[in-house]
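Each remark here refers to the structure printed beneath this line.
Letters A, B, C, D, E and F mark the chains as written, and numbering starts fresh at 1 in each.
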Amino acid sequence: MTLHLFYFLSFLAILCALMVVLEKNPVHSVLYLVVTFFAIAGHYILLNAQFLAAVHIIVYAGAIMVLFLFVIMLLNLNKESEFHKNNYVKGAAVIAGGLLLVILVGALKGTASLPAPEASVGEIGLVENLGQVLFKQFLLPFEIASLLFLSAMVGAVMLGKRDTK
Amino acid sequence: MITLLLILFPILAGLLVLVSGNALAKKIAFSASIIELAISAFALSQFRINDTAQFMCNAPWIPSLGIHFKVAMDGISILLVLLTTVLVPLIILSRPSPTLPEGKGALSPSGRVGEGSFYFMVLFMQSALIGVFTSMDGFLFYIFWELALIPIWFICLLWGGEDRARITFKFFAYTLAGSLLMLVALVYVYLQTPLSLGEGPGVRSFDIQSLYEAGASLSSAEQTWIFWALFIAFAIKMPVFPFHTWQPDTYTNAPTQGTMLLSGIMLKMGTYGLIRWLLPMAPLGVQEWGNTAMILSIVGILYASVIAIMQKDFKRLIAYSSIAHVGLISAGIFSLTVQGLQGGMMQMLAHGINVVGLFFVVDILFNRTNTSEIPKLGGIRNITPWFATLFMVVLLGSVALPLTNGFVGEFLLLNGIYQYDAGMAAFAGLTVILGAVYMFRGYQKIMLGETNSLTSAFTDLTFNEKAVLIPIVILIIAMGVYPKPVLDIAEPAVMRILNIIHP
Amino acid sequence: MQTEIIYKSILALAVFGITLFIAMYSTYAERKIAAFLQDRLGPNRAGPFGILQPLADGVKMFMKEEMIPEVSNKFLFILGPSIAMLTCLMTGAVIPWGSSITIAGNEYSLQVADINIGILYLLGVTSVGVYGIMIGGWASNNKFSLLGAIRASSQMISYEIGMGLSIIALIMTTGTLSIGEIAAQQHGGHWNVFYQPLGFLIFIVCAFAETNRAPFDLPECESELVGGYHTEYSSMKLGFYLFAEYINMFISSAVIATLYFGGYNMPFIGRFIQDPNALAIIGSVFLFCKIFFFIFLFMWVRWTLPRFRYDQLMNLGWKGLLPLAILNIAITGIVMWFTGKIN
Amino acid sequence: MKILYILTGLGVLAMLAEIFRFKKFLFPKVLLGLLLAIAAAVWDWNTNIHYYNNMLTFDNYALLFSIVICATAFLWVLSSQDFFSNASNQTDYYALSLFALCGAVIMVSYTNLLMLFLGIEILSIPIYVLAGSRKDDLSSNESALKYFLMGAFATGFLLFGITLVYGACGTFDLGVLGTYIGSPESITSWRGPGGETLLFAGILLILIGMSFKVAAVPFHFWTPDVYQGAPTPVTAFMSTIVKTAAFAAFLRLFMSCFVGYASLWNDIIWTLAALSILLGNITAVYQSNVKRMLAYSGISHAGYMMLAILTSGDMSSGAVLYYSAAYSVASIGAFAVLAIVEQHTPSLPSPKGKEEGVQPSPFGTAGGRERSSGGGGIDSFTGLSKRNPLLAFSMTISMLSLAGIPPLAGFFGKYYLFSSALQSGYVWLVLIAVLGSLIGVYYYLKVIIKIYSPPQPSQRDGDESSKLLSFGQPKVASEALGWSITILIFLTIALSLLLGIFPDLIIRLI
Amino acid sequence: MSSIQTIHINLYILLSSVLFCIGVMGVLFRRNVIIVFMSIELMLNAINLLLVAFSSYWNDPSGQIFVFFVMVVAAAEVAVGLAILIMIYRNTGTTDINVLNKLKG
Amino acid sequence: MQSLTNRSKVVGSTKMTLMESIYLPAILNGMMITIKHFFRKKATIQYPEVKREFAPVYRGMHVLKRDENGAERCTACGLCAVACPAEAITMTSAERKPGEEKLFREEKYASTYEINMLRCIFCGDCEDACPKESIFLTDRLVPSDSLRQRFVYGKDLLVEPMEENKRIDISKRQTKEVLEFKKNKELQHNKLIE
């Protein structure tokens, strides 16, 4: 059952990911990506990371992709305005990506021999657990992330607003 | 301490020149160089002939890398230091003061880079050169070596002729390439020096002695590398065929004072390097490949002489003759005999003095007639007795007539080469004949014959010019007549080096 | 296990049905309340007091001609309202409609799924809800629709932040993300609204904005955008959008009631009735009373306050509610620290 | 850690300045703050404290690099006063660059891969923005976008690598990772060959990601465009502070962690370094735009610094530290002069770029004078020695230092790197590097020669554009230079010399 | 019951690799900046998935914490990236990468 | 301008106080107002079943009266058309043929009489002008229609039916005062108002 679910979700994720890349219309790409995200969220739930799954949906599907969609609509990019790269570039891109894939898969095929994990002790994906770790062990990165956000915010506002002169 | 003073004094004086106005610059610079000369003379007077490195100043500079600020003088060093301190005042004096009308392309067209900068460069250069000749630390040597390049490059760039951008670049690139090779070789040898555990964790040493030892301990293959790296570096500087292509252009294009510095002193850096660094550091390499180097040098002699004969431009002619002379020195040094090395030392000094004289002659010619092409000139002897005489003496020195300084050197060199290989000596000996050919032909065309429109207005030497040429002539003759002190001073040092090579 | 699944299916269906029913009658209520607030009577022809009006509306919706604009993207055009409907129906799953009922010794919870991150689930689903509007508005290929969609998305993103932050303060006091537990904790009159008045205020304002209700109904404001994102929609697809809005309103009311007003807890009722089943049912009824009140509030506000201007909307969201929510968190933290709840 | 507090506080202060209107005093305050940060770092000397569960460790390595970064930032701020004060949102610029500095400090002091990742991002994001800070200038926009895309792309690789390493070892902590990786038997015995594969792939991907960040060939292609398009002060920031931080991070990771598998990545870094040195230098020769040339030279400098990673010995951290300090000082000097020259060069519509010229560039106070792509051509340096000897001298020193001419600082940087590489037996690589630096001399000298050559007389009576060049070129007089620039110029010259003459001041510290 | 006990970690690794490579291809393949951005998001998600899988495998929450930070960074990056995009769109009226070819040399 | 009612409030851009800028009191205030209306009596009238009372002076659709014998009163004098400010009335006159005395009261009658109801403004001037007490405005409504031409009402719609029980009551418009007023030919129409 779990395995079937895994295969289904994987298939969905890969298919939609491919469609993201191949689809001409940006809006469709966004929607495919959202579906991919849902598939990945499904994987999270399979992996017992429910909290992460929810956060994933909220952040990615709920905020980031909406932002994408928002920008696409704001800029009115629904026209398939993309004139095509010449075939050399495309071919090169496909070959490069494909090579990377082949290399990665080839390299990581060896991981099939990894031993099975020890039986899990507790539910690490639970909020309480994650919170403990986040606010004890990873307190500094958490605080530092605020710096990141601050600068991103300042930057985005600076770039986004029109000069008033 | 005197060594340190010798090194530091010119640069401090140079700074003073830099801040003083254009009018005062030459005066200050000249007096500084005279003082410097006096200091070196004092050093000479204190010099003990049989001692090893004297006037040592040794201070840790970069302890973590075992680099010391170690300067000292032995016989070889002090001679070259003297050469420097003697020539620099002459060179400074030889520069026309700014009130003189500017020669075409001879002065920087920019008014802002003034005379002060020029003299600063010269003094800076002097300082670096003395540093090169006295440093007893491989790294320090390299630093001074490079340091000497910068002022001369700027002199060529700022006060050079029409095509200076390209030519100075070529010059710089060549010498830098050589010196980088040298650096690699030095570092390589340095890494072979034993770790001295005394000063912190594992510090090696750049000290000349340890470099000698480390170099000698290397395998013959490694030494071959070291040998070639160093040889190419020095060969470029001298220059030895086939690394010479930068030289004629640069000599022609640089302002005369720059050419004097280049040929009179800077060239000696290369030959000095051969003696001081190459021979002791890679003895096996020298034994294996010295032959090749020698052949190169002799090929260079012939090649340069032949080319010199075909030159129309007198300045270019002297440039090629310089290659020929240096080739001879190099060949003599690689003969690894006492005579060869001694002759090399002697010839270094002689060539330095002569070539400065010759270039000054060219400068005089050029300033008066605006050309240095031999066919255009002629008949100058008829109107300028002083000039003709002094020119003749310098020329004689250059073609190594007996009783001039050139003779002593060339004789010793040829002697050394002969001991090494008679056939080579035969070829090397051609230099004397060929030298006489091109020199005298040049003199004949320029000075003798009919006075033409260009030369008719040729005035005789001014006081300043005499003040430059007369000391040169005196030196030429003095050293030719009585070379013993020079040879005496050099001998112990030369012997020491030879001892390292043939233990 | 088997019975559990069957029971849960039944419960889910029931919730589904009730939700639809309430949404249906919300349309009726909206019109009635609007009428009453405006000294009118409202629909009263279909059935007694117009009680059958929603049915008539439904029939009308189904009967109307279906129109899909020629140049629009047909799949997305249909997908839009479907997503809107789907997401709003999904939210009902985590709300505890009452405590548990015991039948034949088995305890049956009146909550479809008590997942431990219920609040996040709610936030996630509502955040996905915006796709319905955006896709619909975009696929209509109509500038009014597009404007409405853009407004909707920016508005929803903006207010989601305030909402999330206000909930965080609540989570701090309750210490759990499970809605069932939050409801249970408010037993005995300890309603969260007393502890989180500011949070409640922020939450309710954000809830208004999230459901696109007046005064935040910019995405569809009829006077400027001719209906906004659903300008091009007709028949049942329009019905879906409208329905979705009412369902959202219902769920929002339910969430407000549950999070801040004790959910199914009725204070003091325990003194009079002991039977747990009866208590559960009364609790549920009480919960629905609260929900109805909030639905009423939604409508009441709609007919009281004028619509915001777009910049006012953004100002309120970013410069008003967001700092307030953060302030609220800070205050909550400080108070909790002083009262020794955290150390 | 104090240094981080100070920098963060400074950044926030800069933002507050907008609200409380003390913008005017921000410049000295920031300078003072940076000095304070340096002082704080010195204060922490030799304490070697691990902060927050070993997220950051301020050992001497971190402190020294922090000091270098802050000092560079100090010079940078001095050099870009114009950039700040002419901008309408100068407080944002200050805040962003200070936050970027925080990122840089985190990058040099991390001991957890998570902090590395965060540090990189905190450094990068403000730079993306700053690169695009000339909003109306298309080339600035392009630069921002390209930098952003490449940055994000590289982050992807880096993260994937980190993930795989995590998969192999189950931790992000550098110390733990180091002990795992350091004992190969532990991996093969209880994780099997699969774990090793993961680790290999992870290390390689991290390597790729970091190579992107330090702009090593073949992951360099974004650099020239980004450097050229960004406003010159930002380019200066990118090529100095960012590069220093990236290399410090790179070195820390590979030296302390992955050194156990050095055989795996040594050859790759060897190749990368050789390629970077050669390609960077050769391509730089063909550039006619000084900024672009500096970008390519930056690539080659990255190649040199990779030598240190290759050797990973005791010397290498000192070498990188010294090299980055020397390189930063010289670069800041060069970019400061470049910025001034750019400003005073009227942007010429090149014959090819007529259509570009049509687009008005309303940015800048003096009607499009700050076209980043307009100035910066090597010809704008012609005759600088006549116009402003001080600038000319400063540029000369910087160029010579970059070229590695003794006794300037750049020479010793190269020297340390080469000798440490030689020590580890990479003779061929050193030869390549030497060859590279020889090529490098060519283009650096090209600039100097331009500076000291008079304006071409043939151009004087040429067409309109050359007239602009020769006559329209306003005199860059030393009186026109602000006090901060003057101080900066003297500082860079002094530092270049001081570091060159007394390299032990820095080297011995580490 | 986590799926990691029934599904071998290898499968997750492969899945993530495939997704990651699709993202890489998208970055290289497409010219529309928005889609390039999305491809980068895809890469990050592949990474996240793998991190969670490993976190489950090692029974160690820090992997999941890392995912949070990746999300944080992704959000920040998107904000900045889209701001840049809008800025460019204002100036050029397009989001095609190849319009941006001012800087070539 | 002088305010007449003193109800208007002067609005300025003065800074709001804190209390005002919170808005909550104002909102609550507004909601109180609306909720008050919630409980008010509703004003709705269930139209077809219940009709709103007309005012006594309501002026609706016109009627052309017949006399007690059922003969049309109108003599096509045209005064109404002249009085009509909207020029909505047209008519053509005809001579009464013998044997038509039952149909028309006088020798001359209107063979057509048309009022354009779209133009008519229901001012009642025609009624005032009529010397024969023929045309009256009633409280009937003009029904809506979808065609313009159908709004031109002819005699078929205007003249009241013959049957006694279908006669249209106009007594409200013929009070004593009105009759009195009409008798006095010299009186100007607006005298009463004055």
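The rule is short, and it goes like this: a contact is a pair of C-beta atoms (placed from the backbone, for glycine too) under 8 Å apart; a residue touches a chain by one contact, two chains touch by 3 or more.
Remember, predicted model here, so these are calculated numbers, not experimental data.
K.L.:
Which number of steps is the smallest that gets you from chain A over to chain E via touching chains?
P.N.:
The least step count works out to 1.
K.L.:
Count the C-beta pairs in contact for every pair of chains, then give the pair with the highest total.
P.N.:
So the pair of chains linked by the most contacts is A-E.
K.L.:
Find me the chain with the mean Cα position closest to the mean of all the protein Cα atoms on display.
P.N.:
It is chain D that sits nearest the middle.
K.L.:
Compute the distance, rounded to whole Å, between the mean C-alpha positions of chain B and chain E.
P.N.:
That gives a centre separation of 65 Å.
K.L.:
CA centre of chain A versus CA centre of chain D: separation in Å?
P.N.:
31
K.L.:
Where the centres are mean C-alpha positions, what is the separation of chain C from chain F, in Å?
P.N.:
Centre separation, chain C to chain F: 52 Å.
K.L.:
Based only on mean CA positions, could you tell me how far chain B sits from chain F in angstrom?
P.N.:
Using C-alpha averages as centres, the distance is 126 Å.
K.L.:
Could you say which residues in chain A touch two or more other chains, in rising order?
P.N.:
Residue numbers touching two or more other chains: 55, 63, 67, 74, 104, 108-109, 111-112, 114, 137-138, 141, 145, 148, 151-152, 155-157, 159.
K.L.:
So which chains end up touching which?
P.N.:
A-C, A-D, A-E, B-D, C-F, D-E
K.L.:
Within their complex, state which residues of chain A touch chain D.
P.N.:
Listed in rising order, the residues of chain A that touch chain D are 104, 107-115, 136-141, 144-145, 147-148, 150-152, 154-159, 163-165.
K.L.:
Give the list of chain C residues in touch with chain F in this complex.
P.N.:
Touch list, chain C to chain F: 33, 35-41, 201, 300-301, 303-305.
K.L.:
Which bits of chain D are touching chain E when the two form their complex?
P.N.:
Residues of chain D touching chain E: 114, 117-118, 121, 125, 128-129, 132, 135-136, 138-139, 141-146, 148-149, 152-153, 155-156, 159-160, 162-164, 166-167, 170-172, 194, 198, 224-225, 228-229, 287-289, 292, 356, 373.
K.L.:
Considering the complex alone, what residue numbers of chain E touch chain A?
P.N.:
1-15, 17-26, 28-32, 34-35, 37-39, 41-42, 45, 48-49, 52-53, 55-62, 64-65, 67-69, 71-80, 82-87, 89-90, 94-96, 98
K.L.:
Per the contact definition, I'd like the list of chain A residues that touch chain C in the complex.
P.N.:
Residues in contact with chain C: 27, 31, 34, 50-51, 54-55, 57-58, 61-63, 66-67, 69-70, 73-74, 76, 78, 126-127.
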